[in-house]
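Chain IDs A, B and C follow the sequence of writing; residue 1 opens each chain.
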Amino acid sequence: MSKATGCCQGFLHYVFDYETPKTLVIPHFGVGIVFRFTQLLVVLYVVGYVCVVQKGYQETDSVISTVTTKVKGFAFTNTSDMDPRMWDVADYVLPPQGDKSFFILTNLVVTPEQTQSHCPELPKPSTVCTDDCDCVEGYNDPRGNGIRTGLCENFSTTVKTCEVFSWCPLEVDTKLPKKAVLAAAENFTVLIKNSITYPKFNFHGRNILPHINSSYLANCEFNRLTDPDCPIFRLKRIMAEAGEDFKDMAVKGGILGILIDWSCDLDWWAGKCLPKYSFRRLDSKNPGNDVAPGYNFRFAKFYKRADGTEERTLIKAYGIRFEVIVFGTAGKFGIVPAIVNLGAALSFLSLVPIVADWVMLTCMKKRDLYTKQKVTYLVESPDNEPVSMGTTYGTQ
Amino acid sequence: MSKATGCCQGFLHYVFDYETPKTLVIPHFGVGIVFRFTQLLVVLYVVGYVCVVQKGYQETDSVISTVTTKVKGFAFTNTSDMDPRMWDVADYVLPPQGDKSFFILTNLVVTPEQTQSHCPELPKPSTVCTDDCDCVEGYNDPRGNGIRTGLCENFSTTVKTCEVFSWCPLEVDTKLPKKAVLAAAENFTVLIKNSITYPKFNFHGRNILPHINSSYLANCEFNRLTDPDCPIFRLKRIMAEAGEDFKDMAVKGGILGILIDWSCDLDWWAGKCLPKYSFRRLDSKNPGNDVAPGYNFRFAKFYKRADGTEERTLIKAYGIRFEVIVFGTAGKFGIVPAIVNLGAALSFLSLVPIVADWVMLTCMKKRDLYTKQKVTYLVESPDNEPVSMGTTYGTQ
Amino acid sequence: MSKATGCCQGFLHYVFDYETPKTLVIPHFGVGIVFRFTQLLVVLYVVGYVCVVQKGYQETDSVISTVTTKVKGFAFTNTSDMDPRMWDVADYVLPPQGDKSFFILTNLVVTPEQTQSHCPELPKPSTVCTDDCDCVEGYNDPRGNGIRTGLCENFSTTVKTCEVFSWCPLEVDTKLPKKAVLAAAENFTVLIKNSITYPKFNFHGRNILPHINSSYLANCEFNRLTDPDCPIFRLKRIMAEAGEDFKDMAVKGGILGILIDWSCDLDWWAGKCLPKYSFRRLDSKNPGNDVAPGYNFRFAKFYKRADGTEERTLIKAYGIRFEVIVFGTAGKFGIVPAIVNLGAALSFLSLVPIVADWVMLTCMKKRDLYTKQKVTYLVESPDNEPVSMGTTYGTQ
């Protein structure tokens, strides 16, 4: 036999000889039951919990969505402060575009006919004056409303304050109506159209479900019990679902979240992937540690007078900002998570013999017999008996 | 030897004696080939599929992005309804800020010179009347346009309807032009500037690529084949890429998604992390089960007359909302997913001997020989022969 | 013994006989130490790195958030171009709603009293003319400003240009002030209210922390060192934190990101889940390859003249868009990732005996002794000696 052939054969043996552990069969029912039961526990756990409950074999994707909203309704107001007035969507929805976030005006402080001119400041300790010497010309109080002209003027018959250059007359925002001007907005409805995509799974969905027809949509109104699929929501009802009272919230304003949950298991019939609506107030209600509670902002309508000077109507708008928040995670069988989870499960199965061995060699009556036949101690010379446990490490 | 020393030695033996399985080498080519082939399959699968195709060793991060848009173009309209008019961005883009979502007005119903006043309702079965008795004063029809004054007035020479208090004259939105007023908007262009960040990997990118210079940008226009990197898009072209016709869509409006996919493998040269554009209509086109198809909203321009009364021009705006949707997931080598995937792979390798053993003990001719030498049956007393398989559980 | 009983017993044996590997104990300190040390390395790595550092046992959720902002401050301008003017929030914040993205006007080009009429084009090579023949009636230059009337008019005393129909007079946007008109905006403050939710863990948080009271909030200002929890930010300071100078950026505009990181480990006391603020300029500063650097857009205020014609004031607004970007991932102990990670770790532990066996059978002096007692070669007939390694595959 040549050297090359021998070397080649050695390599073949090295690669293709199959080395398998020698095993000992213990025909003992107790040990067998421990082994099988532990195995069963692991399998149940992995299959039952990881796969069925947690769906560990799925890969996930986050939702991409688009939302349009359309508010309907009008209200008539007739308060002492204002002329009788009819409000429609172009008056009370801001911005008007029907975005996923929209604001409905419910209460307001109007300051009409402001112009760039001079007027006395609102009375505060820092603005009250007795004569012109108290008012430094050009001083710009960060908590005031304009730049001082240096004059001290009558704010009312009893109080004199420093005059400022500003948009005059100044806004007096303490005049906020106690009852929301547009409390009737609770009967407005909003139509929400929502299309979603899970790009990884090429899944598209909309909240107007396929089985719904136009005539139903023309008349329906969302109701969790009777009309859970209708995408038209009455503001009063969704406010109630969020645990709030519309009329209360309308006075100072707030933010209401319309949450649409598109969490889906796409391994099942995709037609079961339906939106779930929920409603939650997003701003903090009445905590002691809040600044500017509620929700309001100022905006102005600008006009030009016949003489060319600019005039504006300043509106401090209180109201409810609705935010349509679309979220969700879709899961679908994925080979990588499946392998990873199955691998982890197999690892646990490899623990089972360790448990069974431990039980067998520790708790069984015949443990010495088992040990003797399972475990061999190294024999120092091929002919010797197994070395005793007394061999010290030092002398080896 | 003292007891303590013995105990200590016992512990040392317990910890440092190395227990290794006894193995049997089967020099059979067939079994060896089954073993190695199964091993190869698992390795190929794990390395090839999990690592190369699915990149299981990577951890991922989601994109954070900012978008600005700038529309350019103007259009001239000369229809019978309106005076000749030049439209520029300040007229047709809403909101004007150049946000990631912007609306381009393409068609409109204008109702000028509305004031808070009285006018007869639009004729509908519920609003037609013959005399004042048919109109209840103060009645607020939810599907009407205002609050009734109690009078029955001539809507036209042939029809009488109940008079309402509202923004008058009322909008007649059935007069929507059949051809979009601003169909010329198809030639407008939009510049999209998009910066992204993957915070976990501290990666920043922009859609204006480093190799692009200003003079190129001043003149280029996106074209998937010839100019795929140009961030300036002609509306007509992106509409065509989405499979829609601009002129059709312009009549009733709609929503078009400009999707920018920043999915990247950051283990490679980061310069390869480039945006991929795609375009898709996001609202449903023409399903039977839709309410308010297309996309429109109402807004008003407010004016003040010389006598101080407020007047508005109500505009029902139809048009196309463009939504720039930036998405993507970046992957980069991560130690945790790498370990988890490698561990799962190792688990599968531990299955291979089970397969090989099964083949060896079931399918091979010499299976009895192999079994005899691999498997030992427990010998009840150390001197006994192995017990026969006939031993019943009952008698043990 | 009947056949059925035998079959049944065979099945019982098959299921409940416990098959355990026969092992050889090597009482060698060196091999033992290699085994235990490798084991320790794997455990340390997995426990220390994967669990403690990377928190591989946690499942994660992405943040859902809502943001409101409120800008405060006013500025007085007195430039040669404009009348003295006081600017307040209703003038310089766009859109006014206090959204998570808001724009503060810092510089502007105003073109007042535009009407739909005729005027000569701005002089450019393509618009300059000598007589009416140079101007084609009805021509619509995409880079021009309107539709040509066919006349050649005096733009100035020295230059004649083609007349166009457009919003006239045309905007001359080269007149942008070198110093930002509203540079004083650097002293404005913005209050940011941010509520977040991790829906999977039902965790809610706000950036106004529980221990903060109203009086503190009324006066505080964010400072990374002294007031890191105050949600009121002075624009100048956050611009400085982002490495930018407000006055510089105010001239041409830009985009500033206010990043709120809510990354949390919810296995710990949830009260430790606090927002971390950071600030970063999001548009590219001054690269050579940019079009339209900075940030600007055009909008118009519409007025109606006494004779009913529409007039507008076109404003090219430069300024800073602030974007509040809330991001973060919360982690909490999850059974699936924990099992997967533990499984992967166990897999690695199963590698340890392979390493120890290799050391034992390769590097130890007594390797032949170990090999002889650990590995048995198949004996062809039960009475034969183990076959020699020389057996060729060909003859088997």
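Some notes on this structure:
Going forward, a residue touches a chain if its C-beta (ideal position, glycine included) is under 8 Å from a C-beta of that chain, and two chains touch if they have at least 3 such contacts.
Just so it is clear, the model here is predicted, and its values are computed rather than measured.
The pairing of subunit A with subunit B is characterised as different-residue: of all residue numbers used at this interface, under half are used by both copies.
Superposing subunit B on subunit C by their CA atoms means rotating through 120 degrees, a value rounded to the nearest 5. Centre-to-centre, using mean CA coordinates, subunit A is 16 Å away from subunit B.
The multi-chain contact residues of subunit A, meaning those touching 2 or more other chains, are 13, 16, 19, 21-29, 62, 95, 303, 306, 340-341, 343-344, 346-347, 350, 373, 375-376, 393. Partner subunit C is touched in their complex by these residues of subunit A: 1, 9-10, 12-13, 16, 19, 21-29, 31-33, 35-36, 46, 49-50, 54, 56, 62, 94-95, 101, 103, 116, 140, 142, 145-147, 165-167, 255, 257, 261, 282-284, 287-292, 295, 297-300, 302-304, 306, 312, 314, 321, 323, 325, 327, 340-341, 343-348, 350-351, 353, 356-357, 360, 373-380, 382, 387, 391, 393, 396.
Within the complex formed with subunit B, the subunit A residues making contact are 13, 15-29, 62, 64, 66, 68, 70, 73-74, 76, 83-86, 88-91, 95-99, 187, 191, 193, 195, 199, 206, 208, 210, 212-214, 217-218, 301, 303, 306, 311, 335-336, 339-344, 346-347, 350, 369-370, 372-373, 375-376, 389-390, 392-393.
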